[in-house]
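Look for subunit A in each of the two complexes below; its partner is subunit B in the first and subunit C in the second.
Right after this comes the complex of A and B.
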């Protein structure tokens, strides 16, 4: 039987693997992402010179792939913080290996999502007008406020629980990594020594952030939806949009989390930590949200469709029968019902089944964002022929670059940060192997305190960080 | 049609109140407003003068730095013009009978150098319920409850005390949420570097006339406040060969199509005037009188009109244009 100490050592060596070992495959992948990013940057430079003329957006369909990407990435960002906060708050016993990856996805996706708004602007160099002349009546300002708050909060929420692990890296990897990483570890571990006082503070901080971040995350995608629903357009102007967007955000966020977990598990052999149980639980979450999305969609389309007014008729035809029918039905059948079915059938209740469901969901949610943006604008407002929109090469390139930078930032983070929450997982494991420990204290912060004292006092936890004080 | 018709009865102008929103009062304006209470006792004449200056100051302090205060057409008593437009569809045949593109559109394009393909006043052809079609010239509706103003994050789209909505292209960040918000498809974006003829390049930019156009910003019909202040009529009104378009002032309750001067509210109510998409509550300042060009003998089954032209486009060197 493994002792806790051995178990922890193995976890540390597995977690530090991506940080210490870099294969040629890594550089190939890195290069590939750089190429796509480079192309996107070049295309953006063209857009900067010629204006949005290089896109296929025009007066009648005046938003397109960029705004789709904005909504999509902000949606994905709900993977992390929200999920990990909910799991922490409900003390889901299996959360520890999942949270760190999820929180990274959040921070990175938020950055990318927010940049797409700037990419979509006709005069990006005037971005600071938003601060100089901002009007709080505008849904765009609500977004600026919500997203910057969310970004700040999620960076704190990502880095705070990482402090003990960074301190461990600082102590253990000092002579194995270069100056840059050493500097990062020293700075971000904020002189962590694992003293009871520090642990108490950290526990408090995590609890507070966890409670604060849930309403912030919900508000973010709600105000994103309000950009659309505050207009007087058929298909957009509906009160269910906030719910639809938040549910969709968590839905696509969980799916992204599953995909990235599956990839990392495969590459770095984290089978022991990211077990089938984790995938299945996330799969159930996915199926539950899938079912909820079906309900929200039904409720929306039935209330709009039952009394079908003129603009609504056009909106429905293009969605159900005409231009966007393929996308729409893929979304409903593949993206919403698909995961539910995959999780219900015992044969597909496997890791492969969950990952398939996750891929379906991510694709479907991207399509959903796309057709929401485009069909809403396409409904003619006056007697004119409905316009059409097909993203140009420039738009696709920049979107691809967005995806590439998303992967790139996670790829880089792998080389620096502990992707598995070592101390939280050790704590969880300790609780697992010890015979039902005395009833856990009620405070979330409190069990963190308990765990840290038990892990950080292990014999070879490295020399106390002298250099850390600088 | 400026100060000559000063005798018009004010009591009949329910819309004639001066719309001074709290948001448009700056600090200086607010101080003056507070001072107004103390002025209650001063003789009427004097206070009327103070009012006049006060309104000017409020206007100057907020609306747009670009809009010089002394150009706001307040009259002696401190009243502010409330521009309006009445479009008589019975008289509009889309310029079919003369075989030209709609003259209002063309004149507006010439006057403002509106980049191709912008039609600030667009003549839509709509189907009639009983078959056939009607032409609907559609400028910006100058909503009194304007969705475009509400959503603009930087106040680049703003309401003026004259009841119109203007765009400050020097401030616009090109987010285009206003285009999504306008329910009348009345906003246009400079997707590329807009074509600018030499004469437009020389003009001093001002939201009142929007020339020269600048890339990455939104434009629309501005209701020609400069023309009105100069005592002439907007280009579109002047150009209409059928006198179908009326321009007026709800504050003074007067409207003219360049030939006759009438009472604006009476013109609207006597002819069953309506506004577009009234149910949205946008409260447009543009009224329509029903019809389909019958006053000039147009057969509603005679569909189609000439496409719009941008006559000056050849003079704009290296012009980039796009389609709508």
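Right after this comes the complex of A and C.
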């Protein structure tokens, strides 16, 4: 018991480190992100003034980097779903240290992704026409529905398992942080006292959200793919797009998670918690999804190419041999086969190898989204020359700002929220050291919360009183 | 086929005879106008090519070179209009042959109408062509396949189910806060559960209202044809309804004589069709190169306009005067 307590205290001090200690490097990084964001805002102001003319989108290729960014960020947002919900549902115990980061990525990436739709609009104030003039027959409407639902569900799914940790922060950090954070902790921890009834209720809430968020997440990226595949365009009009997009989303989501985990681990010295095992397990997931993506691509292009139609000929040539060949082959070889090879070779089966694979995957998945959007629109529907598209400086700036705001929000969240799931990790650790595999706690129900807090409540009973006095 | 031709030919002959007879006996004032007689089969089937012959005469003399049209009353999604399905011109015997393909499984009232060249109104000839019941019609009035229970209601039910579960989960969280309320210590004066219930109910209510609005307004067709006036979009043109174009008098000489060369140039830029290729503000488009920032000197601009490089039309002095060209140049220079 004492060992567990010491372990937990160390975990708490390590987790609160980013919240309590702010170095000049943090502010440098913060300022750097602000500069990029500022440039993006300025360029958007230019776009607001002159319209979409400042982009390279024209009548033929009317979707470009913004829609690519939309698909890319929505894809990244699937990190939380896989790691947190699917692994929680399948009771994979090793997920505990990575869930919180994954859930934050989900919520933040969704916000950024959804904003890119508005950025892509020449008349952004018309966004409400979706409600005023929307029709169920339109895939855009399905998208709005799915993303609204997913965003709400993600926020709840992020906040619910965080309640016990926020209560801990509320009790422990009351006199160490300012008014704002105190207010946040008090409000978001919804009067958590760890009573058995509260544990039961929280367990129910988490279980429902965990089960409900998986189909929602799958629907979100399927519907995103339908925006393309419901059209009669060569290269887009295919039934496999839903599968390709969902698999690709989880693929890029896991990769992003690995990269952010590696960065946080290095900065805040979380080596003890984010171990090589976590990276390797995530790396195996990456490799498995990479292999699956290879299969989906093979299935798609072989069927389409075998009974090649006239428009498909053009679509194939530009992808396999001509303008987009470099991107396409990097995607196949570097982004899909790369992670598989890196995980197969024992020498590269290390944290560095996993992170390399993750970077390859993120770049490749971005390129995939780009060439899917652009090549589909490039196929001429009438006998005219194919149009070309190259993002302008304005588009790149706004995309960079999207990335910067993504990092910025996570950087700010680091200062406020517990990035490691303290109670879940303690729970997992307790199960590890208890050496009694028959008594492994139920990972989904109320027991998890119960078995943890009933033993852990007493040491915590002190600090709240202190905090209250101050 | 031959039989049918003979038959219709016989009908035409009878019609002409009848028309001539009528012309001989009716009031001369009426007889002064153009008379239409029509020969057409009584019954046709779907998919058949139907030949309708109109005979035009004036005072018993065949009318040559008259334009006629065959129309019928069409209705689509609640809108009804007269649609032309064939047109023809009379030859020296006063006969115009119009051929159409029978697509619908029923015809409404059909008419042969006189289009010109005379401006005087001519009484249209009303005819009825019955369609044999056998065979489906060649187009559908409603798109898609209707599968029972697979409809908007099902979509609403699924979405409602998901939102119910999200709401249920939120209710549990609200209850967590409620349960901890009584035991609240000094450090937690607020009822912390309120934010989540507020957030959730707000989002849920907005989304629910949105869904209801969309659902109620969702029309039966894909075109919003029933309620177009509320839409800030390109006006929908109905079949058979002419749309008068209310525009800007580009051909009005005075519109480019304001005295301000830039304002005049902007009008002339449209008048001579420059915008069609070079874009609305001269910044280039699919075909034409951008002009605004790359215009250079007037000499080069003038030379290009007169000679028409890279497949562009040549605009000589007779088309665009030197004075007008300078105005266009001033306008483009100002845009840059």
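The rule is short, and it goes like this: the second predicted complex is superposed on the first by the 441 of 470 C-alpha atoms of A that agree within 3 Å, B and C clash if a C-alpha of one lies under 4 Å from a C-alpha of the other, contacts with A are read in each partner's own complex, and residues count from 1 in each chain.
The rule is short, and it goes like this: contacts are C-beta pairs under 8 Å (C-beta built on N, C-alpha and C of every residue); 3 or more make two chains touch, one makes a residue touch a chain.
Because the structure is a prediction, the values reported are computed rather than measured.
Novice: Is the arrangement of subunit B and subunit C around the shared subunit A a clash or a fit after superposition?
Specialist: Result for subunit B and subunit C: clash.
Novice: Contacts for A:156 in the overlay, against subunit B (first) and subunit C (second): which applies, first, second, both or neither?
Specialist: second
Novice: Looking at A:306 after the superposition, I want to know if it touches subunit B, subunit C, both of them or none. Which is it: first, second, both, neither?
Specialist: neither
Novice: Looking at A:24 after the superposition, I want to know if it touches subunit B, subunit C, both of them or none. Which is it: first, second, both, neither?
Specialist: In the superposed model, A:24 contacts neither subunit B nor subunit C.
Novice: Using the superposition on chain A described above, determine whether A:57 touches subunit B (first), subunit C (second), both, or neither.
Specialist: first
Novice: Classify the contacts of A:141 with the two partner chains as first (subunit B alone), second (subunit C alone), both, or neither.
Specialist: It touches subunit B and subunit C both.
Novice: Mind working out whether A:387 is in touch with subunit B, subunit C, both or neither, as first, second, both or neither?
Specialist: A:387 contacts both subunit B and subunit C.
Novice: Would you sort A:133 into first (subunit B), second (subunit C), both or neither based on which partner it touches?
Specialist: In the superposed model, A:133 contacts both subunit B and subunit C.
Novice: For the combined three-chain arrangement, which segment of subunit C clashes with subunit B: 75-83, 183-191 or 201-209?
Specialist: So the stretch of subunit C that bumps into subunit B is 75-83.
Novice: Report, in rising order, the residues of subunit A that make contact with subunit B in one complex and with subunit C in the other.
Specialist: Residues 53, 58-60, 132-135, 137, 141, 387 of subunit A touch both subunit B and subunit C.
Novice: Subunit A touches which residues of subunit C in the complex?
Specialist: Its residues touching subunit A are 152, 155, 159, 162-163, 165-166, 168-170, 172-181, 183-196, 199-200, 203-204, 207, 210-211, 213-215, 217-219, 222, 224, 231, 283, 285-286.
Novice: Using the touch definition from the top, list the residues of subunit B that touch subunit A in their complex.
Specialist: 118, 122, 124-127, 136, 138, 147, 150-156, 171-177, 179-185, 187-193, 215-218, 280, 282, 320, 322-324
Novice: Using the touch definition up top, name the residues of subunit A that touch subunit B in the complex.
Specialist: Checking each residue of subunit A against subunit B gives 50-53, 55, 57-60, 62-63, 117, 120-124, 126-127, 129-130, 132-135, 137-141, 144, 227-228, 230-233, 376-377, 380-384, 387.
Novice: Can you list the subunit A residues touching subunit C in their complex?
Specialist: Subunit A residues touching subunit C: 53, 58-60, 131-137, 141, 145, 148-149, 152-153, 155-156, 159-160, 163, 170-171, 174, 186-193, 195, 197-198, 201-202, 204-206, 208-209, 212, 215-216, 387, 464-465, 467-469.
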